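Chain naming follows the written order as A, B and C, and within any one chain the residues start at number 1.
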Amino acid sequence: MSAHGLTDDFLQRAQHALGQDFLRQAVRKTTDRLRDGRAQAVREAGDFEAWRDALSAARRRAIARLDAVLRVFVERASAHGVQVHFAADAAEACAIVVELARAKGARLAAKGKSMLSEEIELNQALEAACVEALETDLGEWIIQLAGERPSHIILPVVHKPRAEIRELFEQHGGVTLSDETKVLAGYARDRLRAEFLRADLGITGCNMAIAETGAVALFSNEGNGRMVSTLPKTHIALMGMERIVETRADFVDLMRLLPRSATGQRITTYVNVLHGPKRTHELDGPEELHVVVVDAGRSQQLADRDYRDALACIRCGACLNACPVYSTVGGHAYGTVYPGPIGAVIEPLYARDDERRAELANASTLCGACHEACPVRIPLHDMLVSLRQANARQGRGDRSELALQRVAARAMAVPFVYAGGGAVARWFGRFVAGDGAWPRFVLQHTPVLQTMARQRVLPQPPLRAFRDQWADLVREDMRGSDGR
Amino acid sequence: MSTGSDTDVPRRRVALMVTCLVDQLAPEVGVATVRLLRRRGVQVEFPQLQTCCGQAAWNSGLAEEARALAERTIEIFEPYEAVVAPSGSCMGMLHHGYQQIFRDDEAWLRRARDLARKSFELSQYLVHEFGLSFAAVAGVDEHATQVATYHPSCHATRILGVADEPLQLLRAVRGLQLVPLPRAEDCCGFGGTFCAKLPELSSAIVETKVAHIAATGAQCVVSTDVGCLANIRSACAHRGLPVEVLHLAEVLDRHEVAKS
Amino acid sequence: MDAESFYARIASALGGPSPALHLPAARKAAPVAATVTERRAWAHLASERLRSVGGSAECVPRSQLAARVQELVGGSPVVRVADALLPSEVLSVLDQATVCTAVDAHTWREACAAATWGVTDADAWIAETGSVLLCAQRDRPRATSLLPRHHLVIVPLERVIPSLEGALNAMVDTPSQWLLVTGPSRTSDIENDLTIGVHGPAVLHVLVVDEETD
């Protein structure tokens, strides 16, 4: 464990990321493009703050009475033939899906993009049950071929150069391709089309459920979401239990805010709202629609007033794009399914004993840009402080550093200790200031400050503190002069 | 210009919350602040018992210690008519952080709110109390205009709600030519203990900020918070960028002093 | 886990079960009344919005509709929605090249996959976003607008509406699904480089049929 309360994991991954030129420029380009898109959309919209007010309220309202809202959803969805299942945790959610797949004799499950399915590790469960789980979102398919995790909630594969994508496709298909985007996308289109047509099972997430009409809504740009929810005989939608609004009017606010917050689009190419399987007189569409409502740590979050508002998240990724840490090192540095500010908050909550996730609370400058960008105004920066408090209470992280910080904080409360300590620190600071050999040597052996030695030249501290100069300032005032 | 002529009008009295960082590491900012206020006829008090607002402790997760510091701060400053600090982040702590600290204690919460209502970051106080028509602002040698750019500290803007008061003040200084900073709203990477815990990451973030500063061609970068300034100064030095890194108080004071 | 236990967990987290939520069943509102001038203005806005995302649109007087469709579709393989949903003069043009009529899902799917153009009507065209609203119904198989390479929408001017709220009100009861289509399919997944035409159609063209002549 390092000297600063972080296991080496985040530090190591972040440092690794910092050394990767392609990754750095790719992540920066992505986050700049997406947040500029959002900023443009906000300027053009005019009503953006009013929409934000409405959606923030709508999400909190639904969450505050989630049991009642879900009851209405289930009742109305069931009336249209939706089969609703409930999963307490990830394992149960996987079991339900695997059992459905078995019951249908499914050999191939075509998947639309679903962060929840990543979270519960569904693909592994399906593969273990001899069901091929095929990602069909272009980015998700690429990372599936590469055996990686997505590095961004909306654009999963921006960390990957096109040459690597080409190589993956060439290996996969035994073909020769060029690096051009059109060619690569065309290859994916042709290969995956056949799969859409032969898949037994379609699995998607659920961007938002609507209680009023018992609906499940899917937002997408590529059309694969439509494919997997239309062509296979059975469609399963995985739904985080908190992903629901009460009314269609609330849903209109979401339609206005989600695409703009994510990429700056006025609306995604496709918004698909499903009320049930195909009606008997309809020609095509799935014969069965199953919704698996998943808890997996969300009810625990609901119980905790410090973190309940994080359930309002609509998974737009705006916080990632606004975050100085994310936009510098990218998603893989976090080492979790959800990266960025929202990930740094919910991942420790989903696995409360995991120290590796707990450390993510420190991967933030607390600049508040996430809260500013969030369409539903989640105070992520305050939640990160709450997580740091939980870490301190439970003694997670570097205990000696924490003890030192406590001593310092308590010392700050006693004026003469503060003043005396400050004087000592300034005196000591003269020995570690500047970039001479001796100061650097001393700094490298000073606890707490030693990691700074790797990156900083410390300035020469002042001889006198402000409070030491106050008497002079009083005299100055009495004389009526101030150096002029 | 002496302000003693209006003896019939009671002088505004302000308690200076100098902040621990300014007190110990950048006292010149505190001195400049005092002089700026006095030139406007403000009587400045300095409660000697003040130490720290508790922000560092709070951000490190030390809730109890932060609360103890917050209680002290409230007790020390609440007797005064107004409180001014040359720091957006410390004022932000007082306004927003104290709401979090005392959320379950109605009595302390009320006291925190009462104090917040009369507590200001320096630029807020100057603009709202005096507008921009203060007599002291003047140009230096008109031909020696300094090109400056402004970095808005994250806590000052997002937490406290400082808007364009610093820019308004800087624009009123005739010796300064302001140029906009690209992606000004981006964090400088200081983050309090963040720069000590994750120095490489902090450096990478400040390098981006410094690249933006360099792109402006500015000779001087200004902010309301010494944490940001120290971080930016060290990064500019590292890059060999010859930019003066100054607190708003220092810039205003310098230009006012030069009037004679 | 059974439903009641699931709700009970939530209730426990909230400090007690929530009172029942009474949401009136969604009602279809009266359609927005508007003049021809207003609808043409909305169509103009919808066109701009659709164009900005790579789609295309035009207003066509009824008298020229058949000729225009002929120009667009030519002799390419076409699949289309049922007779009832399209203007009759268009049917004769399309049927010169129509691959087959919808018989069963499998055959229809193959026909759609082989077709160049999928021709549908729309329940509404929305000015706010340029989106086409399609509710699933027997006469409008889903694959028609999904599998062919190009999607042509023929919609009467009176179905052009201003806003997304209006879309909800334009729906017939609660269809098994409703869909907003706003442009050709797209992705920027590869190095942030936008490409048009992924899984869904690569072209979306809207023909608004204007009944009145100026």
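The working rule: contacts are C-beta pairs under 8 Å (C-beta built on N, C-alpha and C of every residue); 3 or more make two chains touch, one makes a residue touch a chain.
Predicted model only: the values in this text are computed from it and were never measured.
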Chain whose averaged C-alpha position falls nearest the assembly-wide average: A
Most distant chain from subunit C, judged by the mean position of its C-alpha atoms: B
Between subunit B and subunit C, centroid-to-centroid distance (C-alpha), Å: 55
Euclidean distance of C-alpha centroids - subunit A vs subunit B, Å: 32
Subunit A residues touching subunit C - in the complex, by the definition given at the top: 26, 29-30, 33, 64-72, 74, 80, 84, 86-88, 92, 136-139, 142, 155-158, 161-162, 165, 181-182, 184-185, 188-189, 192-193, 196-197, 211-213, 221-224, 226-227, 229-231, 241, 246-249, 252, 255-256, 263, 265-279, 281-285, 293, 295, 299-300, 302-303
Sites on subunit B touched by subunit A in the complex: 2, 4, 18, 20, 22-28, 30-31, 34-35, 38-39, 44, 46, 48-52, 54, 56-63, 65-66, 68-69, 72, 100, 154-155, 158-159, 185-187, 189-205, 208, 230, 233-234, 237-238, 256-257, 259-260
Subunit C - residues contacting subunit A, complex: 1-3, 5-14, 17-21, 23, 25-26, 49, 53, 102, 104-105, 108-109, 113, 129, 131, 136-138, 141-143, 146, 164-165, 168, 174-195, 197-201
Contact footprint of subunit B on subunit A as seen in their complex: 4-6, 11, 14-15, 18, 28, 324-325, 328-329, 361-369, 371-372, 382, 385, 387-393, 402, 405-406, 409-410, 412-415, 418, 422, 425-426, 448-449, 451-452, 454-459, 461-462, 464-470, 473, 477, 480, 482-484
